[in-house]
């Protein structure tokens, strides 16, 4: 029998290794799997590469992970925010590497990894310093830049409801990077607020089919692990 | 006010021009927009390029369009079927061109067109005659083939429910190519069995957001235009 | 000086005036967000937010905020009837393949060839952050810029060539400023309209450019 | 000849035996579809269909057919609780990026290096049709072939090199035939098991190969 439901965040993250590459869903706070990131801090893995849209807000989530000194490198589109003081200080001190990626390239490169695409050409970034040194190609009279897939060892995704096959639905704009990150990681760990019986989720409205999810763990709506 | 609802199939297809490139949704009969294809036959445009998974079944849909002599070229993955006699005869007589594309490359090339991707590398097809003459590249020790986007002037898509903003839901496996074809065409025409008031479709469960759909027309469930 | 600069709200209203009925529009974070407050009631305009919404509505009433429903600036918003949610890859597909009619973006500089600089001031100590700016700049069918003509130091943000790091190449078609609306043409900047009382000569003097009439 | 060929159903049952609990599997059109009838009741196996379903169930009762719910062979099927629908690009993303554990495909020929030929006999008058065969062949984590060892004319479908047009290069890991199960190794074909009474020498004689023990 397939049962992807894990009893605790700790169990779901027990095998994260030092040096792992970890995708973290969310756009700002919406879709940020705080309970899973807290679990990662407790778990203790170091030298992590974090792939996310932002580099942490305030002192929670990715910011807390950064503050704990666990992150070697961040791949993201928008680290600088009014409350990104933790990242800002580490970056200025040269204690964290940054790979800055336009948000659409980030999403598309993650999708490419999850879809078996070896690389693709996009117009986005051409002629900018974010495309420095990258291969370019003229296609139908327009200039394109070559971008490569971004894979991960783990994806931490915040969903709304899930079942034992790993099917997921999300809440409103908290969906954002979750579906593509789940596809691109060897192990996708989803936190859900509700575990439902198989068949409760409408097959027309499953957003992430279970094949892309390896572990599901229920957390309280306030972010605390159960 | 935005109102993408057209009063008839004829009105929704009035401007299809000779030589147009037209995507037609469906996998076999599921998702095949028979009423729209019938409308296209009645409309009379000629020298069409048809992009679809199959090249027609029996004597209806794409098969009828082929039989009416309107099709110059078919781009598809699976023309040969037990009941593809119309295509088979035209192909053997040299009266229709065929570009055969592996089904996943077809879907991905259509998605690429709808997503602003200029081209991409895939392992699928490498070393086969369907990749003859195509650029190849070694990526992480594996061989990949370069594939280009497929755009269209029109997409004919069979959906289930739609609203005046063009939002669509589908029925079961009839979804197949509809969502990506709607993205890849200048004008996406969707037949629906039910037109609903704005807000009736659950925003979590809209499969094709209205931005990708230009025209919606209601047809009876038996395929007849209203 | 017998002319008055447009206020930010007047500028937002001026832009809203040019957004046609039925348009799909993305309003960049910062000043362009104001345009939403001035959309004409007799036109239906659909706002897209890069984080995965189409049909974005106004801010919720106090106490009604849902932090799962935010805009690109991370502020709580609402969804209109007919709106939808989608993932980030689909959201950027919308932007990047020309499905959006108009993107309205802020800018540090816009060049006469349409080059846009709006993500990085170029300072070495600045922490760079690009978000969806590069995607929007080159993806939308039309990219409009909303900005003040002059920096606080009085330097023109309209320039012959951008000195700040580029966001996109030859991507801006029109610039709405507090002093004038300017089109980018194959021949360079061209005045569409100026605020009452501002002559082209004065505009050229302020911008240190030769904007065509 | 003191051995008996497996029937198609016996062969399907033999394959089903090797599909582990929890596996995501795509059964190609034609003979591999039979495997679904022999999946073990004590294992939960999730079947994917290229046209956009996961969790495919058995055929519906007569009169219960829904032609919006079909398999890759265009036959009406059902969906199990926990199943889901998705579009063709997402469906092939599943196949193409190694999310499927096993694809079971029919074949015209399989070569000692794992090359597969199953989409085209190479005849000039044949109308080619590839469907999802090439995607499945190279995309699944493991590609298994289900076929009779010999053609009706008695020729071996296991070959040193394929003479029919290829579906995929070095993609097959195991071949289930009515006479033997054979693994593809870096050193070529290797016998895993033969039907009772069939010696390796006889198998090599039938296939005109030197299959390793």
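Order as written gives the chain letters A, B, C and D; numbering starts at 1 within each chain.
In this text, contacts are C-beta pairs under 8 Å (C-beta built on N, C-alpha and C of every residue); 3 or more make two chains touch, one makes a residue touch a chain.
Since this is a predicted model, take the numbers as computed values, not measurements.
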item	value
Pair exhibiting more inter-chain C-beta contacts, B-D or B-C	B-D
Gap in Å, rounded to a whole number, between the CA centres of chain D and chain B	29
Between chain A and chain D, centroid-to-centroid distance (C-alpha), Å	35
Cα-centroid distance, chain C relative to chain D, in whole angstrom	55
Residues of chain C whose C-beta touches two or more other chains	79, 85-86, 89, 92-93, 95-96, 139
In chain B, residues with contacts to at least two other chains	108, 111, 115-116, 122-124, 170, 172, 203-204, 207
Which pairs of chains touch, using the document's own definition	A-B, A-C, A-D, B-C, B-D
Chain B - residues contacting chain D, complex	27-31, 53, 77-81, 84, 87-88, 91-92, 98, 100-108, 110-111, 122-130, 143, 170-180, 207
Complex interface listing, chain B residues touching chain A	108, 112, 115-124, 137, 139-140, 142, 144, 169-170, 172, 202-205, 207
Touching residues (chain side chain D, partner chain A) in the complex	21-22, 24, 44, 46, 48, 54-55, 79-86, 89-90, 92-100, 139
In the complex with chain A, residue positions of chain C that touch it	49-53, 66-70, 74, 79, 85-89, 91-93, 95-96, 115, 120, 125-135, 138-139, 165-169
Chain D partner contacts - residues on chain A that touch it in the complex	1-2, 111, 113-116, 163-165, 167, 183, 197-199, 201, 203-204, 206, 209-212
